[in-house]
Amino acid sequence: MREKGKISRRAFLKTAVAGFGGVTLGLKGIGAGAQEKTPAKPKPARKALGVDVIKLGGQGVISGAHADYGWQIQAGATLAIEEINAKGGILGSKLELKFMDEELKPAVAVKNARYLATDWGAHFLFGVDSSGSAMAIGPILPELDRICMFDHASTHRLTEELVYGKGIKQIFRIAAPVYQEANVAALIFKEFPNIKRWAGIQCDYEYGYSVWALFKDTLKKYRPDVEFVSIAWAPFWTMDFSSHISAVMAAKPDAIHATPWAGEGVMLVRQALMLGVFDKIQAWFQSMGGSVDFLEGISNEVAAGKFKDKLWATARYIHNYPDTPENKKFVENFRKRWNRLPNYSAENAYSTIYVFKAAVEKTRSLKTSDLIQGIEGLKIMTPAGERYFRPEDHQAIYSVPGGKVMMDPKYPIPVLGDLKVFPTQAYYRNPPFEPLKMGK
Amino acid sequence: MPGSPFLMNEGKDMETLAFQGLIGLSVAMYLWLLAAGLTIVFGVLGVLNFAHGSLFMLGAYFAFTFYGLWGVNFWLAIVLSLLSVAVVGCFMERFFLRHIYHMDHAYQLLLTFGFILIFDDAVKMVWGGVAKIPAMPSFFEGTVSVVGRPFPVYNLFIIGAGLVVAIVVWLLFEKTWWGKMVRASASDREMASAIGINIPRLFTGVFALGAMLAALGGALGTPVRVVAPGIGAAMIIQAFIITVIGGLGNLKGAFVGAVIVGTLSAYGILLFPVFELFLIFLIMTVVLMVKPQGLFGG
Amino acid sequence: MKTRVAILVLVILLALLPAIAGKYALYVTIHILLLSIFSLGFNLLFGYTGLLSFGQAGFYAVGAYGCGKILLAYPSLLVGIVGGVVIAGAVSLFLGILCIRHTRMYFSMLTLSFGMMIFSVAWKWRDVTGGDDGLVGIPRAPLEIPGFFKINMTPMENYYYVVLAFAILAIYLFHRIVHSPMGLAIQGIRDSETRAACIGISVRKYRLLSFTIAGLYAGLAGSLLPPLESTVTPPVAHWSYSAEPVLATLLGGIYTFSGPIVGSVLFYLLKDIIVRFTEYWLICLGIIVVVLVMGFRGGVMSIFLKEGGRR
Amino acid sequence: MKEIIRTESLGKYFGEMAAVHEVTLTLQEGLFTSVIGPNGAGKTTLINLLSGYILPDRGRIYFREKEITRLGPDKRVKIGISRSFQVMNIFPRMTVFQNILLPVLSRLNKTSSAFSSLKGQKEAVGEAEKILGEVWLQEEKDFPAGELSHGDQRLLELGIAVATNPQICFLDEPSSGMNPIERIKVLELVKKLASERKTTFIIVEHDMDIVFSLSDWIVVMNRGEVLAEGKPAEIRENQEVRDIYLGEEI
C-alpha cells in the first residue's frame, strides 16, 4: 500500500507543483467544474465577498530528505478545499490552491510569499516547514498585508518574539510549537526516577537549539537530580549519524532526546539500532516520531520489536488521538483520498483551511485587518481537538499527547500508544514571555 | 552558540577515543571511495569533475532500485549499479568531457557543474523528491564488541571494503599493464600516443573507473543511509576538500585525506560539537595556503 | 551612437517601471539588478582577469550581514549600504591577499573554501548572526542625509529607485574600469600571465585589485538585500549561491561587457518563470549550461554579436 | 663600448641537470649579439635568468653595475630589460593595437589608473601607433591578435618586446616557424630597430647563415656552459665550436 501511496504522491507532486494545486488529479472533476460554472451563470446573491474564488497560497518543502512534509501539507489542504468546494465554497466563493516548494531556504520562501500575495493574488498564505523560512516571512507580512497561518515551522520565536514582542499581527500558528517535543518529553520523563543521565542528538540549527534548551530547563525544574551528559549536533544533510550516536553514547546516558526529523530521523534511529543503542539505554525520545513518514520508515523494525519498547515520541497531532467523531471522519476521508494516514502537517493544513473559513464567515470580509480580528480568540473544533487562538501571541492552543511507538492491529503502520496526555497550561509557555537562553 | 566551542562531552578515556576513531574510519571509507574516483580522473584526465558526487548519488539510486524496489540480491544489486553508473560515466566522457580537455579548467568545472543540476533533477523525475530508505540486508545486522562497546558489523564491512578497494586500485595502477599505460599517458599524452596507446579509449576507461568508485560509495550506503536528490552535491565539497588536502590527482593522498576528514569530523563531533564544519574548511584552506599541491603532492 | 540611444531608452523604461508594473514585477526587477551587480563583479574576476571564484557569495553575505547589522543598530539606509560595502571590501582585500597567490583550480578551491568558512561563521556565530534564523526584522530605513533630506522607504517603489540608482552607478563605473588602462592590464594578465609580467605589469597587484573590486561589487549587491527582504540568512553565503553569478555570467557571455547583465535577466526570469510551471527548472538550466560550454562559450551575447566565445 | 649586463658564475639546476652552469659573461651595449648552441645548451634558460623570468640557484647578475639577481621580471622591465618568447606569447583575446598599447602604458606607469579612458592616453596611443608602423602591422590594428597569421604574430611579439622601450632586449628565436625569406625580413627589422631605438638586442637563433651575417658578437653555449664567445669570424675558426656543430657547415 505504501507503493500505491508513493505513486499517487509523485503524480500529485508533479501536477500540484505545476501550479494548479487545487485542480489536481482526482480533484479535476470538482475544481475544473467549479471554474466553468462560476463565469457561466454568475449569481450575484452568492457573491457575498465580491470574488468568485478565494485564493490560498501555500508552501512547504517538497524536495529532499524532508519532502514528505510538504506533501502532507498539500494533501491536507487539498482535502479540506475539496470538502468545502463540494459544499459550495465559503459564502459562495470557491477555494483555489497554489502550492510552492520552500526548499527549506528562507530566501525562496520569501520570494514565494511575495509572488503568491502580490502576483498570483492569494487572499491567505499558509504552510511553511522551516523555522528559518517562517522567521523570514513573518516580518514582510505587514507589507504584503496578508495573514500567514504557519502549519509546521515550530520555533517559539515566531509567536513569542514576532507576534508578542514585535506585534506582527498577521502571523498565526495552528501547529503546536517546540513546547511540544521539549516540554511534553520533560513531563513524561520526570516520572522515570532511574533515568538520570540524558544525552541529546539535536539538529544543528535553531530548531534543535531551542528544543534542547527548553527540554533541559523544564526537566531540571521537576528533576534537579538529572544531568545532561552529552550532546551532538547534526546539520541538514547529515548522511551518517553513527559518529553522533557513538559520541553521545560514550557518556553512557540513560536516555536520549533527539530532534532530527523526517528521513533524517528514520536514518538516525536505524543507525542507533545498528550501534546497539537500545540495549544500553532505557528510553529514546524522538521528537517528531509521531509523524507518519517516520513511522512508515521504521515499520519493519517496530514490528520486529527491535526498539524493545524504548522508543518514545510525540507530534503536533497524531491520527489516533483524540477519539472524537471529527478526528475519525478526517482520518477516514484522508485515507480514502490519499491512501495514506495523515501526519500532523496534513491535519494542521486541513484545519488551517477551516480556520480561514470560520474567520471569513464570521467577519464576512477578506480584509486582513478584519480577518485578524476574526481569528484572534477564535475557538474552533478540529480533528486535533478544540483549538483556541491565544490573542497575545496568535498561537493555537490544543493538547497533543506523547507516547510509545508500537504496532496496532487497527493500522498498517506503527502508532503512538500508552499515550500520556497533559493539559495545555502545563506545557505551553505562557505570556509574558522571557527570552529562552540557549547557553549550554 | 549552543555551548562554548570548547564544551567537552563527558568521559574522554582512551577507549572512547579509539571507538570514535573506528566509527570515524568507517565514515571515512565512503569519503575515500568518492574521493578516489575524483582524484584518479583529475590525475589522468586533468578534469576536476564537479559532478562526481552526482555519480555517487546515481550509484545509490540504482542500488536502491535493484535491491530496495526490485528485491535483487544485495551483492548483485551493487554490481548492477556500478555497471549502470559506468555506462553513464562513459557517456559523459565520450560525448562531453572529451571535447573540453584542451580547454581552461574553468569550463571543465562549469560543464560538470551543469551536470550536477541535470542529474539532481533527473533523479527527482525518475524516483521523486521524497527520500528513500530501503531495509538493511539481515546478514549485516548485529554488532561485535569493540573496547567493550557494540560496533556494527556493517561499519566493519565498510572499513574492509574500503581497504580492499584501496589495495585493488593500487595494484591496478602499479602492477598491471593497463595501469602502466594510464600512468604513461597521464605524464605525457603525446609520448603515450606516440608509442601507440589509444588515449581516447583509455581515458574513457579511466573515467568509467572513477564513476564506478563513486557509485560503489553510494551503493554501499543505501542500506543504512538516506537516498535523496542532492546528496551528491552535498558530498562533492567534502570530496574536494579531501583531494585538495591529499593533493589533487594523488591516490595515496586521497586515502589519507579521507581518513583525516572522516576521523576528524568524528572527533570534532565528540570533542567540539560546535565547530566541526569550520574545522574541516580551515584545514583545507591551510593546506592550500601552505602546500597547494597537497600533503602528498610532488 | 545606436547603443547610446538603446541604453537611454532602457534607463527611461526602468525609471517608469513602477508606474506600469505591479509590486511583484518591481520586486523581481530589484533582484535582477542585484544579481547584475553581483555578476558584473564576478566577471571582472572571471571574464577579465581569468580567475574563476566559487566564493563570491561569501562577500555578498558579508555585505548583507554588515548592512543588516548596521540598519538594526542605526536605521539609516545610506549608512547601512555604504557600511556593508566597506566591510565587504575590507574582507575581500584581506582574503584576496591570500587567494591571488594561486591560480586555476587552486584559486577556485581556495575561494570556495573561504566562502564556506564565512558560511559556517554565519551559521554558528549565533550571538552576532542569529544562526540559521539569521538577522530578522531589518528595517527598510529612510534614505537620509541629516540636514538635507529624508525619504521614506516603506513603499517598494522608493526603494526600487535607490537600487536602480546604485545599479546604474555601479554599471557606469564598471564600464569605466574595464575600458581604462587598468582594465587593459588585467585583460593582459588573463591572456598571458607571463607576457604581462615581462612587459612590466605586477601580476599580483592587479589580481588583488580585481579581486577587491569584485568583492566590493558582491558587497554592494549584498548590502542592497536586507532592506528589501528585511532578513539575512546563512544560505546567501553558501557555495551554491556563489554559483548564481557564475551561471548568469556564463549565460550572458563572459567576454562581453553586457554579458553578465543580460545573463542575470535571463537567469532570473528563467528561474522565476520555469519554476512556476515545473519543479524541474534546474535541469533546464543545467542543459543550457552544458550547451553553452560545449558550443557557445561567448554566451548569448556572442550569438547576437557574432563574436566572443569560440577560441 | 661599455658593458650593459654582466653575470658572475650564474647557475640554474633542475635536479641533476645543470641547465646553466658557471656562466660568467659580459654583454656590451650596442653590440648585436647572438646566443647559439645545440638544443638543450641552456640558451633559453639563460635568457629566462637574465630577464628575471626565473631566478638563479647560484651566481649574480648586474645591469649597468647594479645587482639585479633577485629582481622580478616586471621590475626588470621598468629598468630597461625586455624580452620575447620562443613559444608564441602574445595577448590573443586583445586587439593588435591593445597588445602594443599595454606595454607602452606599462612603461609610462599609467596602468594603475582605473577610471581614465584609454583614448585619453594621447601619448601612449601615439607611441603605440608608431610602433605598429615599425613592425608593419597598421592594417591589422583592430584584429584580435589571436587571429593573426603566424608570421604577423611573430612581428607583434617583437613589437610588444620593444614597446617597453628597453635598453636591452632578449629575443628567443624571433623567427622560429618562418620560411627563410620571412626570417631574413624579421631579422633585418630587428637590426633596423636596434639602430633606430638604440636598443641592444640579444637573440637566440638557429639559422647560422643569418646569425653569422648579422651578428656583431656571438656567444656559443653547450651543456649549460659558455663554450666560446667572439666576433663571427673568430667563432667560425673555433675548433670546439666546429666539433659540437659537427656535420653542420658553418
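Residue numbering begins at 1 within each chain, and the chains themselves are lettered A, B, C and D in the order written.
Heads up, the rule we're going with is that contacts are C-beta pairs under 8 Å (C-beta built on N, C-alpha and C of every residue); 3 or more make two chains touch, one makes a residue touch a chain.
Not measured: the values here are computed from a predicted model.
Asker: Keeping to the contact definition above, tell me which chains border both chain B and chain C.
Answerer: Both chain B and chain C are touched by A, going by the contact rule given at the top.
Asker: Give the identifier of the chain nearest to the protein's overall CA centre, each chain being represented by its own CA mean.
Answerer: C
Asker: If I count C-beta pairs in contact for every pair of chains, which pair wins?
Answerer: Looking at every pair of chains, the most contacts join A-B.
Asker: As a quick test, compute the distance in whole Å between the mean CA positions of chain A and chain D.
Answerer: 75
Asker: Can you check how far apart chain A and chain B are, centre to centre, with Cα atoms defining each centre and the answer in Å?
Answerer: So the centroids are 36 Å from each other.
Asker: Counting in whole Å, what is the centre-to-centre distance of chain B and chain D, each centre being its mean C-alpha position?
Answerer: Measuring from centre to centre gives 49 Å for this pair.
Asker: Could you say which residues in chain B touch two or more other chains, in rising order?
Answerer: Residue numbers touching two or more other chains: 2, 124, 129, 274, 277.
Asker: Identify all positions of chain A at which a residue touches two or more other chains, and write them in rising order.
Answerer: Answer for chain A, listing residues that touch two or more other chains: 13, 62-63, 209, 438.
Asker: Once you draw an edge for every pair of touching chains, what topology comes out, line, ring, star, complete or other?
Answerer: other
Asker: Using the touch rule from the top, collect the residues of chain C that touch chain D in their complex.
Answerer: These residues of chain C touch chain D: 173, 176-177, 179-185, 187-188, 190-192, 194-203, 205-206, 209, 255, 311.
Asker: Going by the contact rule at the top, pick out the chain D residues touching chain C in the complex.
Answerer: Per the stated touch rule, the residues are 51, 53, 72-75, 77-78, 82-83, 85, 89-94, 98, 101-103, 105-107, 110-118, 121, 124, 146, 160, 163-164.
Asker: Provide the residue numbers of chain C that touch chain A in the complex, in ascending order.
Answerer: 22-25, 27, 31, 123, 126, 131-134, 136-138, 154, 156, 229-231, 233, 235-236, 272, 276-279
Asker: Mind listing the chain B positions that touch chain A in their complex?
Answerer: 2-4, 7, 9-12, 16, 19-20, 23-24, 26-27, 30, 124, 128-131, 133, 135-136, 141, 143, 149-152, 154-155, 221, 224-226, 228-231, 234-235, 265-266, 269-270, 273-274, 276-277
Asker: If you look only at chain C, which of its residues touch chain B in the complex?
Answerer: Residues of chain C touching chain B: 46, 50, 52, 54, 98, 101-102, 104-106, 108-110, 112-114, 116-117, 120-121, 123-127, 239-240, 243, 246, 250, 279-280, 282-283, 285-290, 293-294, 297.
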